[in-house]
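In the two complexes below, subunit A is the common chain; its partner is subunit B in one and subunit C in the other.
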Partner chain A sequence: MQEAMINKAKQLLADGIVDRVIGWKRGEFVYDITPAIFETAEELEKDFVYDDFTAANVSKYLVKESKKEGKILAFLKPCDTYSFNQLIKEHRVVRENVYIVGIPGGPKLDAEKIKEKGITGILSVKNENYTLKIETVYGEETMPFYEAVLDKCASCKSKKHMIYDELLGEEGDVLDSNRFDMVEKLENMTAQERYDFWREQLSKCIRCNACRNVCPACTCEKCVFDNPDSGIENKAPADSFEENMFHIIRAFHVAGRCTDCGECSRVCPQNIPLHLLNRKFIKDINTFYGEYQAGEDTTSRAPLNEYKQSDCEANIVHERGAE
Partner chain B sequence: MQRIGVFVCHCGTNIAATVDVKAVAEALGHEPGVIVSQDYQYMCSESGQNLVKNAIKEHNLTGVVVCSCSPRMHENTFRKAAASAGLNPYLVEIANIREQCSWIHKDIASATEKAIILGKAAVAKVHLNAPLTAGESPVVKRALVIGGGIAGIQTALDIAEAGFDVDIVEKQPTIGGKMAQIDKTFPTLDCAACILTPKMVEASQNEHITIHSYSEVSDVKGFVGNFTVTIKKKARFVDETKCTGCGLCTEKCPMNKVPNEFNMGFDNRSAVYIPFAQAVPKVATIDPNYCMMLKTGKCGVCSKVCSVGAIDYKQEDKLIEQKYGAIVVATGFNPINLDKYDEFAYNQCPDVVTSLELERLMNAAGPNGGTLLRPSDKTHPHKIVFVQCVGSRCDDSKGKPYCSKICCMYTAKHAMLIREKYPDTEVYVFYIDVRTPGKNFDEFYRRAVEQYNVHYIKGMVGKVTPRSDGKIDVQASDLLANEQLHIDADMVVLAAAIEPDKTARPLATMLTTQMDTNDFFTEAHPKLRPVESATAGIFLSGACQGPKDIPETVAQASAAAAKAIGLLVKNSITCNPCVAHSDELMCNGCSSCEKVCPYGAITYIDKEFKMPDRTVAIRRVASVNPAVCQGCGACTVACPSGAMDLNGFSNSQIIAEVDAICK
Partner chain C sequence: MQVNENKEFQPLIVAFCCNWCSYAGADLAGTNRLNYPDNIKIIRVPCSCRVNPMFILRAFQRGADGVILCGCHPGDCHYTSGNYFTRRRMTLLFSMLDFLGIERDRTRVEWVSAAEGAKFAATMNEFTEAVKKLGPNRRLEDLRCRKQ
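Moving on, here comes the complex of A and B:
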C-alpha cells in the first residue's frame, strides 16, 4: 500500500493537481509515526511511511493546511473521513483545497501492547499471517497480531469512506461494532463504583493536553484552556479534581461533534480510556434523539443543535439519574 | 472602584416575617464595593424608590442591588427609578428574596442565610454590569388568530373593528368550531346557530378579515411585533375562488357513505362535502380518504357536474408566509375519548351517547331532523339518565383532575329541553355537585328541578349494562338516601370531560409559550394578566386557556383582542438591549449559533483579520443583528468556543454569581 500511495502522490504532484501532500514519516522508533507534509517526489521517496503503526488521523491538520495557498493531497482512512466531514460541516476546512484519496484503514498496532508482553528494544515489526515477527536488540520475538491491535481499531465502527475524491483499494462497509460494550459495563456499575473508576483513571492525568491537541473536534481559534480571560486557563490544579473536570468539560465540549475516531485515547501517555466519555455521549444521543453518527455527512443537523418535537423531555436526566 | 448600593425590602411581612432583613442589609454592607446598604418596609413604594434615587445621587452610585420580589414584578420599577436619578437602568440588579426565599422557607435562620447568599450573588453580578441602551423595532400591523371557533371569530371581529388586518387560520373546512354543533345555549335557551352564524357571516364579509379555512400553522419564527408565520393551506381539491357552494357535487357524489363528523357520525355525508348549510366559507371540500377519483383515478362525477369548473384533483398543499405583529391562540377544546370508560358501556351500546352527540340528536339539522330518537332502533326514549363528571374531577389517570365547568349547565339545559318537548320522558341526573355560579345560572338549574321535575340524584353511576330487551340497566347509588338504585333507562347521556385540542401542544412548542400539565395554555399571570401568554405578543382566547362556557369565551376573546390591539397601535416597541454579541477573535465560524437561533438573528460574514503571526487571514465569523436578537441566550450555550456572550447576562457575570453562591 505504501508503494501505491507514494506513486499516487508523485503522479498527482507531477500532474499539478496538488501542491503538497500530507502523509506520515517515521520518528525515532519504528513504531513512532507522525504526520508530515511532503512537497516533492524526493521527499516522498525518502520519508513517506504507511504501515501497521500509521494510526494518526491527519484530518485536524487540514484545518490550517487547507487554508494555505494551493491544494493539498490527504490520505484518509475510513475513520479519518468522518472527522474530515465533521470539519466541513463546521466550516473549519476548505473542501476545495483538499484532494482526498481514501485508503484502507486498520487494524493498526499499539506499540504499548507489544511492550506489555515484555518485548522491548523493538527494531522492526513484520506481520506474517497475523503473527508479528518482532526483531529487537535482544533477538527475535513473536506474538499474535490481534493481541497488539489498538483499542480503537478493535472496536472499529466503519471500513467505509464517508468522503473522497479517489479511492485506493476496495470500499468497505459500516460495521456492526461492539464499541458500546464497555460503556454499558460502566452504566451497570453503581454510582460509587463508577465514580471510583473515573477518579482512578483521571487521577493519572498529567495535563499534557495531548488529547486536546490531537482531537479533530478541538479546533477552536482560542481554546478556553489557553485563554487567561476564561478563569480556567491551563494552570497548576488546586486539587486533583480539576483534571477530572478538564476531561468532563472537554467531553461536553465535543458532545454531538465527536466522531469517535479514538485519537484521544491513542495519544494519551497515561493510557486513560478517554474515548469512553465520548462514547457515553454518543450512546445517549442515539438513545435520546435517534441514531446519529457525527461526520457521516456534511449537512445534517446535529441533535444537540436541533430541536424536534419528538425530542425527549429534559427530565430524562433526572429520571436516568435516579436509576 | 465600584460604588454599589444595596436596598433590602421587607415587603410588609412577606419577606420580613421569614428573613431577618436588617441582618441581610448589614451582611451585604460588608461586601466589596458596597458603600450603602439599607432596608425599608416597601421598597417599591414611592418613598422606597426615593430612597434608591437619593442614594444614587448622594453616593454617586455605580450599581444598585434591590433585594425584593421577583424581577418579573418590580425590576422595571427600579430600573425606571435609577434612570430618573441618572443611573443607567441596566446597572440595577434584583435579588429575588421573596418568591425564591421567604415564601418557600419557614426557618428564619436558614432563610436569612439564603437571602444573604442571593444578595451576594447579585452584588457579584452588578460588579460586572455594563450600561446598556435599548433600541426600537417596528410593529407589523397585522394579527393572526389561530382557531376559528367562537373565540377566534370574536377576537378577529374586534381586532378588525379597530381597523387592523387579521387572519383566521382554521383547520376544518369551515369556521364555527364547537358552537356550530351545539343546539341551544344556556341560560337563555336560544339557538346556537342563530347567534353564531351572523358572526361567521360578519367575519367573512369584513374587509379586514382573511379566513384561511382547512389550513394549519406549520411554522412560527420571530418575536413580538414581528412574527413570520408559515400557514399550510391543505389541498381541498376545490378552487375556493370558483366554488359557489351550490352543493350539486355533494348530491351527485357516488361515495356517500362517509361518516358525517359534524353530526358525530350519526349519519353520512359524501366524499365531497360542505360541513353544514351555513358553513363559512361555503365551499366544497373533497375528502382524500374517501374520494374514488383521488384514490383510484376512477370517477370524476363532481368535476362533470360542477358548472363553474371548480374541482381540481391536482391541487396540492400550499404554504403561505405572512408577517404578523400579534398572534392570538384560540384552539379550543374537545370532549375526551371515552374508550377507557367501559363501566358506562359507551363503546358497547349505541344508546349511550355523549352530551355533544345528544346536541346533534336533538338538533333540527341533525340526523333525525330534531326529533329525539334512540340511535339503536329510532324509537322515542322514555327514560333518560344523565351522568355528570365523566372524566372530570378524576383522581385517577383515566380522566382529568379539573372540573370541566360547562357540564352542569348544559346537562340542566338538556334535561329541561327534553322535559319541555317530551313531557312523558323521565329524566334522571346523577351528580357529584351541581356547580352553577354565573349570572342567571343557579336560577336556570332550579327551574330544571322545580319547574320541570328533573330527578337530580347525588351520586355516581357505578355500572351501565345494556340488556337484551333493548333497555339499559343503570346501577347507581343515591348518596343522600343512602341506597342503591337500578334504573332501566332507554338512553344514557355522558357529560364527558373536555380537554384542549390535540393541536395545541405542538403549536405551543412553535410559539414557545407555556402549557400546564393538562395542555391548557398558561396565562402570564393567573389573576392580573389572564389573556396574555408569558411570551410577548402571544395572546390567549377561549377554552385553550381553560374550560369556559360561551359567555366567558366571548368575554376573554374580546379581552385578548383588546390586548392585541394595544400592541398593534404602537408604531414601534422598545427592544431588549440584553442581546447577544460574538467575540470575533474567538469565533470558529462553525454555525452552531446560527442553527439554534430561533429568531434568525445570526448571519455569517467573511472578514479580514490580522493574525498574531502578522499574516492576514479571511475568517468566517458570526454576526448578530441586535434588532432581531431577543436575548434568549441559546447561542451562548451552543457556541463551542465561548465566543458568544449575552449583554446583561454575560458568561463572566453568571460565573461570578455562581462563585458568590458557592464561596
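Moving on, here comes the complex of A and C:
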C-alpha cells in the first residue's frame, strides 16, 4: 500500500493537481507514526510511511491546512472520512482545497498491547496469517495478530468511505458493529458499580488535553478548557469533581457530533476508555431520537440542534428501572 | 447541605426557573401562601434553554444536593422552542450522569406554567423529599467547597 500511495502522491504532485501532501512520518521508534506534510517527490520517497502502526486520523489537520493556499492531498481511511464529512458540515474545512484519496483502513496495531506481553525493543512487525512476527533487539517474538489490534479497530463501524475524490484499493461496507457492547455491559451494572468503574478510570486523568486536541469534533478556537476565567483552565484535576466535570463536559460538547473515530481513546496516555462516554451519547441518541451517526452526510441536522414535539421527556432516564 | 446535630438532614436544592412561566409560577405559589421547603434556592433564567450542562454541574459543585430545572410547558416557551432543546439536552445529560453512577434522582426537569402555583409547590415538596432520601451529594461534590 505504501508504495502505491507514494506513487499516487508523486503523480498528483507532478500533474499539478495538488501542491502538498499530508501523510505520516516515522519518529524515534517504529510505532511512532505521526502526521507530516510533504512537498516534493524526494521528501515522499524518503519519509512517507503507511503501515500497521499508522492509525492517526489526519482530518483535523485539514482545518488549518485547507485554509492555506493551494490544494492538499489527504489519504483518508474509512473512519477518517466520517470526521472529514463532519468538518465540512460544520464549515471548518475548505472542501475545494483538499483532494481526498480513500485508502483501506485497519485493523491497526497498538504498540502498548504488544508491550503488555512483555515484548520490548520492537524493531519491526509483520503480519503472517494473523500471527504477528515481531523483530526486537532481543530476537524474534510472535503473538496473535488480533490481540495487538487497537481498541478502536476492534469495534470498527464501517469500512466504507463516506467521501473521496478517488479510491485506492477496494471499497468495503458499513459493518454490523459490536461497538455498543461495552456500553451495554456498563448500563447493566448497578449505579455503585458504574460509579466505582468510572472513579477508577477517570481518576487516572492528568488533564493533558490530548483527547480534546486530537478530536476532529473539538475544533473550537476558544475552548472552555482554555478559558482563564473558568477556573478549570489547563490544569490537572484537583479532585473527583473536576475529573467528572471535565469528562462530562468534553463528551457532552461532542454529543451528536462525535464521529466515533476512536482517536480520543487512542491518544490518551492513561488509557482511559473515553470512547465509552461518546458511545453512550451515540447510543442514547439512537434510542431516543432515531439512528444517527455524525459524519455520514454533510446536510442532516445534528440531533441537539433539532427537536420533535413528540420527543420523550427527560424523566425517561429516571423511569428506567431501579438502580 | 446543612446538617444540624439534632435535626434531620436538610438538602440544599437549586431550582432553575425560566422567567416567563416557572418563576411566575413560584411567585403565585408565594402569593397563594402555599408551602414549599425553604431549602430551595431559585435561580431565575430567561428561558430553560439558557441552562447549559455546566450550570447543573456547578450547582452540585457549590453544594447543591439536588438540581431541578423548570420551564414552560412544551409548546408554550416564550421563545417558541427553547424548552424543546432543553428537553433533549437534559435527557442526554441526566442519562450520562446515570451512566457515571451518579444518582439520577438528584436531577429533574419539570414544566410549570405561570398559573400552576400549586404544581410548583407540590413539585418542590416532592423533589425535596426524594433528595432527602438520597442523603447528601457525595458523588458529584467538590471537597473544597464542602461546608464544615
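FYI, the second predicted complex is superposed on the first by the 309 of 323 C-alpha atoms of A that agree within 3 Å, B and C clash if a C-alpha of one lies under 4 Å from a C-alpha of the other, contacts with A are read in each partner's own complex, and residues count from 1 in each chain.
Everything that follows uses one rule, which is that contacts are C-beta pairs under 8 Å (C-beta built on N, C-alpha and C of every residue); 3 or more make two chains touch, one makes a residue touch a chain.
This structure is a prediction, so every number in the text was calculated from the model and none was measured.
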Checklist entry - Clash or fit: subunit B and subunit C on subunit A? => result clash
Next on the checklist: Just checking: does A:R301 make contact with subunit B only, subunit C only, both, or neither of them? Give me first, second, both or neither.
Outcome noted: first
Checklist entry - Regarding the shared-chain residue A:N244, is it in contact with subunit B (first), subunit C (second), both, or neither? => result second
Next on the checklist: In the overlaid three-chain picture, which partner chain does A:H318 touch, first (subunit B) or second (subunit C), both, or neither?
Outcome noted: second
Checklist entry - Does the superposition put A:R257 against subunit B (first), subunit C (second), both, or neither? => result first
Checklist entry - Is A:E221 touching the first partner subunit B, the second partner subunit C, both, or neither of them? => result first
Next on the checklist: Just to be sure I read the superposition right, which of the two partners does A:E90 touch: subunit B = first, subunit C = second, or both, or neither?
Outcome noted: first
Checklist entry - Looking at subunit A, does subunit C or subunit B touch more of its residues? => result C
Next on the checklist: Per the contact definition in the header, classify A:Q309: touching subunit B only (first), subunit C only (second), both, or neither.
Outcome noted: both
Next on the checklist: Taking the superposition on A as described, I'd like to know which of subunit B and subunit C A:N188 touches: first, second, both or neither.
Outcome noted: neither
Checklist entry - Given the superposition on chain A, at which of 80-88, 98-106 or 314-322 does subunit B overlap subunit C? => result 98-106
Item to check | Touching both subunit C and subunit B, counted on subunit A across the two superposed complexes | outcome: 224, 304, 306-307, 309
Item to check | In the complex, subunit C residues that touch subunit A | outcome: 53-54, 57, 60-61, 74-75, 81, 84-85, 87-105, 108-109, 139-144
Next on the checklist: Could you list, by residue number, the parts of subunit B that touch subunit A in their complex?
Outcome noted: 506, 509, 585-592, 595-596, 604, 617, 619-620, 638, 640-643, 652, 655
Checklist outcome for this item: Note: in the complex, subunit A contacts subunit B through residues 67, 90-92, 219-222, 224, 227, 230-231, 253, 257, 301-302, 304-307, 309
Item to check | Interface residues, subunit A side, partner subunit C - complex | outcome: 186-187, 191-198, 224, 238-242, 244-245, 248-249, 251-252, 255, 277, 280-281, 284-285, 288-289, 303-304, 306-309, 311-318, 320
